[in-house]
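Across the two complexes that follow, subunit A remains constant while its partner is subunit B and subsequently subunit C.
Moving on to the complex of A and B:
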């Protein structure tokens, strides 16, 4: 089980539109169909960056990045590796 | 209007610039009448149809003209020089078609829609949800014999009575969350259409966009296979902001041209030619054109390549819509100032009155304040490396 993924779920609970699904939703399930909207994705992004101490590049800030917990995990892991700090 | 004939490939062999020029002349000839009577610009739309321009955005392999984003926005601009309502009807139709060819190219009705050159209206607005594209109230239901049903109260259905097809948004099911939307293409004969109000507006009167109640019955294969949120982000919103901007810039360019015509005439008569408002209007218009060109360049990788739309692109397109819609109002106001009473008049070759009324719709089509509020959030994510 990915530690990054679990931490994403913890952060998701802070958001009204995601708190109800944060624990139970499958890692590959479509978050946009489960209540995510563009403003929530922006707020979640800012919170995740703060939590993990990384800054995602503009090209990573797409709808696909926030498609699923798995997609967010991959993007964050890549950035954590790039910046040389490991959260898990 | 003949909507049953097959695609006239000889008509499509006419270069788009020539075909748009012809439609523009027809539109210009009827613009005053269309505006006064708030009637649909059927002559201009027929001209667009005859030259295969209703299929402008449809790829050549699917029977269309396969025009690029750059050419589509330029065509919108040129049509608006003749008639704002005609240009907006054409632009909105292209937006609907773009959603279909990009997200449901195998749609059972699409081939027919292209072959018969349907005009496709969108039914996205809805009573109870305001103008929020990303929210719906009515949901798709199950009919008694396996077909799907939908009853929707559309608040602003442009050219609703003149369309042969409708791209309708709805909740995936009657119990779905407000944001869980789908889109469906239905044909006119699948819709019971009841007009529930009038369209008597300040401008864009020829778009004929009153409210309608729509009762629809359709097959499940008519639902677009992609969630509407993805269609909106990848296609509907980018195409809307870009093509609308093209229309508005065309209106502003026409107003400025009329101001220049007045000045030239005055100059020939030996009076002071140069009105100080004209170079200001010209400068503002150049700025709007520049913003549109930059936005096209930014959107091309998404629209014509396979790139994912970024938050930065979304913010740029929102800024385009807000910026151009405000600038064109200023350009047209300055142009009227330069025209003087000849511009203020509803009649005559130097009238700017209709154009001034038409562009007032620009800041309202998706309210600028709403877009600025969205951008206030989106801009927090920009990294300063743009």
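Moving on to the complex of A and C:
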């Protein structure tokens, strides 16, 4: 399991609708079917950006980005590489 | 934005854009629309209300409107005790249904509930093309209940509304839509809403080359059920949906399509329903 992915799971635990599944859900499982909603996705976006010290580009602000832990991991990794950030 | 006010006084115009006076001939059309909507979509309703042009700020905040659409919300300033004018506990309703949720807040519903109302709404729009009023009337039918019931109701209402507006001679195209959420996070909210097909609009031409939504059917999921603590017997937040008609836009679209024959067209359609 990647470091970024583990950190996403830690952040997910802060949200009521995701805390129960954060540890156990498969990385490719559909989060929208498991409790994610639009408001939570916005809150998670802001928290992840704060946590990783990045700002996701406009094209990443979609439902697909928050579909799974794997999708979030890919988007965040791409942005971390792009911004040259070393947030661990 | 009425293009053909049959009783217009020569040179009459609103003193500020996006606010319109309604001449009596148009009010007659609106009355026909009201009865058409009530007959078709409000039959199962427990009650129909007419709302005042103001609403408690706390209600709109509880509905989450102020955080998602701060750019559109208008506030009432006053100085009831004298001195400097300041924000009051009232705002201008941005949507009709906000008036209804406090009526059922904190309650348990064992059966689906349908209520309807007409409200004078305000949105601080930034553009004033035909049909984009800042002060407008919205006729809304709201359903609260378990998810499958509410979703099926929304779909049925959407289909019925599109069929009715088609019968009235409008192009009545049904399109997936999103609310105008504010800012960067709003773009995510809007895209999620659109991809989940939570909001559908029925559009019609309101002026040459100008198409606007004249009705919408929205599935709110448990958003308002959670915010206003409306629950089922097991304590789970209920889902809600609404069917909303923009009465002023509908009038504009009908005038654009039928000119002075609107009353005859409406009367004929209602007689055959």
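Everything that follows uses one rule, which is that the second predicted complex is superposed on the first by the 85 of 88 C-alpha atoms of A that agree within 3 Å, B and C clash if a C-alpha of one lies under 4 Å from a C-alpha of the other, contacts with A are read in each partner's own complex, and residues count from 1 in each chain.
The working rule: a contact is a pair of C-beta atoms (placed from the backbone, for glycine too) under 8 Å apart; a residue touches a chain by one contact, two chains touch by 3 or more.
As the structure is a prediction and not an experimental result, all values here were calculated from the model.
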Subunit A as common anchor, with subunit B and subunit C clashing or fitting: clash
Comparing the two partners subunit B and subunit C, which touches a greater set of residues in subunit A: B
Touching partner for A:61 - first (subunit B), second (subunit C), both, neither: both
First, second, both or neither for A:45, with subunit B first and subunit C second: both
First, second, both or neither for A:33, with subunit B first and subunit C second: first
Clash-bearing segment of subunit B relative to subunit C, given 26-34, 62-70 or 98-106: 26-34
Touching both subunit B and subunit C, residues of subunit A: 32, 37-39, 42, 45-46, 58, 61-63
Of all residues in subunit A, those that touch subunit B in their complex: 30, 32-33, 35, 37-39, 42-43, 45-46, 55, 57-59, 61-64
Interface residues, subunit C side, partner subunit A - complex: 64, 184-185, 187-189, 191-193, 195-196, 221, 223
Touch list for subunit B against partner subunit A, complex: 134, 177, 179-180, 227, 229-230, 233-234, 308-312, 314, 374, 377-378, 380-383, 385-386
Touching residues on subunit A, where the partner in the complex is subunit C: 32, 37-39, 41-42, 45-46, 58, 61-63
